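Order as written gives the chain letters A, B, C and D; numbering starts at 1 within each chain.
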Amino acid sequence: MKVRRLTSRYLGPRSLAASGSLLLLASCATNAPQDTWQPKGPNAKMIDDLQQPVFAVAGIIGIIVAACVGFAIWRYKDRGQPIPEQTHGKPALEVSLTVIPALILAVVGVFTFRAIFDLARTDDTQLVINVTGQQWWWEYDYPVQNEWGITQPIISSGQLVLPIGTKVLLRETSRDVIHSYWIPALNGKRDAVPGRVHTLRLQADAPGIYAGQCTEFCGLSHANMRMEAVALSDADFAKWVANQQAAYQAPAEGTLAKEGESVFLNQCVRCHQVSGLKRADGSLAIAAPDENVWSGAAPNLTKLMTRNTFAGAMFNLLRDACRDDVWRAESAAFGEKYLGGVDESCLNVNDLRAWLRNAPEVKPMYANPALLTDTNGKYRGMPNLGLSESDIDKLVAYLLTLK
Amino acid sequence: MAETTTHDAHVSSTGLSNVKLGMWLFLGSECLLFGGLISTYMLYRGRVSDGPTPEQIYDIPFTSVSSFVLLMSSLTMVLAVSAAQKKDDRGVNLWLTTTALLGATFVGGQVYEFTAFYNEGLGFSTSLFGSSFYTLTGFHGVHVTVGIIMLLALVAINKRSSVPGSKSETVEMIGLYWHFVDIVWIIIFTLVYLIPV
Amino acid sequence: MAIIERPTPVLDIPALPAAPPAITPSRTFGALKRPVASTGWKSWLFTVDHKKIGLMYGATALFFFIVGGLEAVLIRLQLAAPEGKVLNADLYNQMFTMHATTMVFLFVMPMAAGFANYFIPLQIGARDVAFPRINAFGFWCFLGGGIVINLAWFLGGAADGGWFMYAPNSGPVFSPSNGIDFWALGLQIAGIASLTGAINLIVTVLNMRAPGMSLMKMPVFTWLVTVVQFLLLFAIPVITVALFLLTFQRSFGAQFFDVAAGADPLLWQHLFWIFGHPEVYVLILPSFGIVSEVLPVFSRKPLFGYPFVVFSGAAIGFVGWGVWAHHMFASGLGPVSVAVFSVATMAIAVPTGVKIINWTLTMWGGKLVFSTAMKFAVGLILLFTIGGLSGVTHSVAPSDTQQTDTYYIVAHFHYVLFGGSVFGLFAGFYYWWPKMFGKLLNERLGSLNFWFMVIGMNLTFGPMHILGLQGQPRRMYQWTEARAGEGFFNIAFWNLVASIGSLVLTLGILFFLINIVVTARSKVRAPLDPWNARSLEWMTSNPPKEHNFDSIPKVEHLDEFFHRKYEEDPVTHTMRGVATAEQVLAELERNADPHIHMPSPSYWPLVLAVGLPVIALGVIYSTMVAIVGGFIVLYAIYGWALEPATAVASDFDTPSTNGHAVSTTHG
Amino acid sequence: MFKTGSKLFLGLSGFAAFNLVAYVIFVERLAIGGVALSLVFAALTGLAAIVLLINEGDNERQPRDAALIGASLWPLTTVVGIVLLILGLIVAQIYFILGIVVVLAALAEWLVQAWSESASDDPAHNESARQRLLHPIEFPVIATLGLGVVIFSFSRIMLAISKSAGAVSFIVAASLVLLIGALFALRPALKPALVSGICVIGAVGIVAGGIAGAGIGLRSDLAEAAEEGHYLHRECGVEKSKYFDKKAMKNLSLRSNAAAIVELRDGKLSAIMVGFNTPQQLITASRANPVTFIFRNFDPTERRLVASLGNAMAGAPAAESDGEEADHAGKNETCTQLIPKGAEQALTIKYNKPTIAQTEPFTLTVPGVAGQSIEVLVP
């Protein structure tokens, strides 16, 4: 019972005056980034407003039951009293004790009903983003929406960027198995089911980064399939959109990065697209992930260094100090810090190099050719490319130019 | 099958014999089995990404005839049960055999239908329609086949007059099963063949 | 047990002095003669006695409980610290899949089936179940299914798709090992056990009650188990269909869950949960039944509101069919479905709450004796209440979309299934052990067992509420420091607490196992009626004779046994004893039935059940093996059909060649 | 304990084991020969075990008079099996397998018969002992075989004759069965010889018909369909194609969850998508992921939706529809059936290459409706 009391006190801190002492404790603590009790947008707030009273009522009922049982244990313990009358029950008492919880639930039901339909609305959408899950990362597609300055589709992964105060609608689907999209601070979760399009409303009140995680078991690296939603002010979002659509800047001739570009063209372009990247003969380099990866897609690396994460948001592109700087930035300063992107001084070189050196070692994936008979030799995840250390140097230099 | 030894004459009971009550419960369970298969088919029948669609290959006159044959076998099954209640051994054997033959004709028709469909381009893995059609009707066909084998075995055992337990009850129980399989077919015929996509 | 009427060969010998000794079953059939022994290992292998089958269910389930428990401990060790290295991702996925599968299908269900098998005929005053051979077949199917499921560990890796096995992650591409094939086929076989068991027990309960025992005088355990059997009767075929679709997809190229061909992955979820939600009640209701037996006995009062408990049980049985989609609130069903299932789920909380109220009021005003069984029963009330209330918070669909697939759900169903089902089963162990084995489990060890389990269970699963609400998803083989947070509610601390709790819990279970050994070695026999019990199963010897009752009692009251022992004082309305248990039993013995026919053992259930795993292996590896299995099955079915239920006289050897026939006539 | 019979079988199974080991070591691992030898080994071991378990000849007395031993079918059957086996080695594997099955079955029957006849002096007891062991397998096997013959023959006949004749002969066959049954029931005094005669004629008739049917093979339209795969060709023009457009589906079982609903209304084609409040002329579809479009026709004439799948990069197909690649006349496109007003159909397409790799855009059009086209943008 000890634990129960702990949780119930925690559960309804704002509703239960009796447990006000713990309110202090709860508000002092820096809770986990995926805390489900700290809504940062109207959708999550709607859920929170519903669950707070429900948890409180549940807690009260739990305490009442425990108290009754406890009293019975203490009061009616065998102290040598005679065997009592063999009564078989009191129907009136029974009926009233049945009706009371039914009534409580009926009230809860009415509010639940309203919230369900409010959360399912799609007709007031202001911005549509297509979200596609695959083992084990998310792809974000921004369809053409001229009112947001999106005149050609933007593809990104790792971080979902959205403007604050805007009713964003995610159209979710999946390329392989079922995943589930969940940013606890912004809304509940919604499964991304292959062959189906599901919608999820998101709306953030303030600029910042909100953490999330895939919550439908999706195979080997389910635990490593994370997401981050980045909310920017309208002006910052417009800057971000403009930059995403900006033309590709090839690295200058003779630099290490230029050599990295050719390594990229030799190795990475088989799966990873960088928009605007041209081969030596001037033709566009078109990636063919569908020929190499079972899900048919690999993260699009155009403007990679404008994101803070890689490998399905499992690793950070920013070193811890730089990352904390962005995550903990004040709302007003956040947009500028985020749009600064990743530069050489802040790059998390260790994880990036380890990833390039042997990806399946740092993130469990199906890249062992012996296991690929059922997929006609296609990988599920990124294989070990067998790059030399100098190739890795060049690639890191090149990737740093993708801003 | 007939295990009546633990029965006492004066227990509180439903009045149905154990065996019959057991068979009813089993058939109740079977309803859900076919319910699941029929739902799967209804969900998938219109999903033809490849190969023929249901309407394109169904041969309704043929299936109507084969449904009629199965219905007639229910009639002969009733005659077998009534013969069993009259303790007319010859009648039981005769009508059980007739039922089995009609059932075999039906299954023969189903084998024909499957072969014909396959040749027209509907394989088990061709489309969702194919997978769910063959699974549903195949399960029903297997039920009919099991029924036929039960009928024939009962005839064989009956000829040796060594049916354990009460004979008329055994015939009646197999009859229940047979009628159930027929009724399921009527439902399948209506839902699968007659209602257009 | 001299009253069992058997063809006694002793009489035949003088009658046929000149008969050639060659015509005996032993000489003719050798080892293949019909088994008739009622002692020795063969009597267990070929038994059709519901009590022996019940014990075999229990022993096997206990073994799988230990297996599943060890899997759970490994999971907790892996998650004790960030970036756990005890298991790799693949092994972890297999581990949690098999932990759930084992606990649900190979421990709780068969353990409840064991209790049901043993005690339902005793509680309703019957001598066996309606179909004893089918009963034996059911047990062997369960064992075969359990073996097939676990065989995968040694043949390339166990199933790794989670016990819910969502498509398309369960397809051949996403799970290339054979684990899921073994899983699907093993469950299919175990499902036969549940289905046959359901039919058998329902017919037993409906048709074979002692005279005077109307439905509303049946013990609550029997009632709730009957509801469970109806749930199984209708739920098992649904999972059968789902598993067939899965097997056809994996082994024969069907397209049921192939999204590229237009398939809808939600089909699997619907089929699975239409089975899966009634399954939840299948797991909990038997324990409710046990507790509803234990509480009145140790409160010395009848169950408060017996009809309410019975009807709420039946109501759960009905409404349980209409709530499956609450497992799919995040699946994208559309608001109308979500709203309907949300409200239906709230509705089912009411009959469940009724039970809690009735148990509490049963204790109210009683004379409470805190034996270990009673402690577990009271533990169930409190722990299940917590699980039930967190369940109510899930019925609020929007709130559920925050909590589903996090550790909050894990906490919820472990409070329900561990605090509920498992505590109920443990109450059953302590309560019925003397009935089954004639010896009382040690109460001192029992107390240790109870307290370690309560503390361990709350330490393990309590923190999971916090973990879940702090956003830790389920089924993650690792968690990271980066998302752990700081302060009182940080994930790191509570994960560690949960892992320590799991070790405390393990210790609790260990005390139970020690208790079994200590009890088995003790020489002290239990008294005839150690708990001052109330229902018919106590109106016979400990352990009961093969034929259960010397004479079938006539039932006049709910709690018949109690009312034969006590009478109401007309003035104080308290109860005073009028007869001891021994006197009640002696009365029954005096009126012993002159003729009792018991069914004979048989090979065929075992042979038939052996054929099924052979077919399963054949489906996975080679058609030829499947055909051989098919022949075994056919042979066994027809052998069974042609065999009379009771062995005929010629199945018994003369005493001079074989002593078994005679030994069967001695208890 | 070990007597002649068991020694013989144990010896044989030992020999088979030796052969198996030698084969596996010297020839190859787990080829068909290895499997066959393992089966032989298993069968012989099984027989040895049976012989041991049933206390073969546990009678010190000599067998009774030869007269007691009845005629036996099994030596003959064994010979037939061996002939089949040898034939199989020469002609086809199926006879070989059949031969093995027949030989094993006949040997098992023979063995049990021989054992039962020496079990005791009482022939009735001996027979019942034999039955107790063998009836459980004889009954179902004979029933299944008889059933199989009827089913197979009947289906071959149906496959050979025309569709309508099939339906007619089906009902005639069933009526005959029913009538003959009724005849037997109404005339209990019929001579047994007559009854068996009718039965034999029926059996011979059906088997003969089956053999004839199998000889003829598939009826012409089925054979043609099997040859050409009628329903696999998608012709995406304005006019109705003979097979693909036959009996168009009008309703969908998947109604929701489509990427877009494409409507043809008043001569205008537009896409309706969740999240967009107005009909669109541009659809952004994700790459390498099946996208489902639902086509709704509100035009009075029958229409179909055609998706052009672009012109591939050299070598690889640009997109794959879930159907057959329909590149008649060099066009890479796929389509729905021609559907009437008010009907709807789904079209699932997987775009494997992005728009930037194309010289012509991906489009959705309706043949016969000029100037209306929806562009599909694949990033």
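Note that contacts are C-beta pairs under 8 Å (C-beta built on N, C-alpha and C of every residue); 3 or more make two chains touch, one makes a residue touch a chain.
Just so we're clear, the structure is a prediction, and the values are computed from it rather than from any experiment.
Chemist: Show which chains lie in contact with subunit A and also with subunit B.
Modeler: Chains touching both subunit A and subunit B: C, D.
Chemist: Looking at C-alpha means, what's the farthest chain from subunit A?
Modeler: B
Chemist: Roughly how far is subunit A from subunit D, going centre to centre by Cα mean, in whole Å?
Modeler: The mean C-alpha positions of subunit A and subunit D differ by 47 Å.
Chemist: If you average the CA atoms of subunit C and of subunit D, how far apart do the two points sit, in angstrom?
Modeler: 39
Chemist: Between subunit B and subunit D, what is the gap in Å from one C-alpha centre to the other?
Modeler: Distance between chain centres: 20 Å.
Chemist: Multi-chain contacts only, two chains or more: what residues does subunit A have there?
Modeler: Counting only residues that touch two or more other chains, subunit A contributes 194-196, 198-199.
Chemist: Quick check: what residues of subunit C touch more than one other chain, meaning two or more?
Modeler: In subunit C, residues 259, 261-264, 334, 638, 640-642 touch at least two other chains, as defined above.
Chemist: Residues touching two or more other chains, restricted to subunit D: which are they?
Modeler: Touching at least two other chains: 139-140, 254, 256, 290, 292, 322, 346, 348, 350.
Chemist: Would you mind giving me the full set of chain pairs in touch?
Modeler: A-C, A-D, B-C, B-D, C-D
Chemist: Tell me, which parts of subunit D touch subunit B in their complex?
Modeler: Where subunit D meets subunit B, its residues are 139-140, 142-144, 146-147, 150-155, 158-159, 163-164, 166-167, 170-171, 173-174, 177-178, 181, 184-185, 188, 218, 222-223, 225-226, 229-232, 243, 246-247, 249-254, 322-324, 337, 346, 348.
Chemist: Which bits of subunit A are touching subunit C when the two form their complex?
Modeler: 1-4, 6-7, 10-11, 25-26, 28-37, 44, 46-47, 50-51, 54-55, 58-59, 61-62, 65-66, 68-69, 72-73, 76-78, 81-91, 93-94, 97-98, 101-102, 105-106, 108-109, 112-113, 115-117, 119-120, 172, 176-178, 180, 182, 184, 187-191, 193-196, 198-199, 211, 213-224, 226, 294, 364, 371, 373-375, 380
Chemist: Applying the document's contact rule, which stretches of subunit C touch subunit D when the two form their complex?
Modeler: It comes out as residues 20, 22-23, 27-32, 259-262, 264, 334, 624, 631, 634-642.
Chemist: What residues of subunit B sit close enough to touch subunit C in their complex?
Modeler: Residues 1-8, 10-14, 16-18, 21-22, 25-26, 28-33, 35-37, 40, 43-44, 47, 49-50, 124-125, 127-128, 130-132, 135, 153, 157, 162, 164-165 of subunit B touch subunit C in their complex.
Chemist: Where on subunit C does subunit B make contact in their complex?
Modeler: Interface residues on subunit C, with respect to subunit B: 126-133, 195, 198-200, 202-203, 206-214, 233-238, 240-242, 244-245, 248, 252-256, 258, 261-264, 267, 271, 552, 597-599, 638, 640-646.
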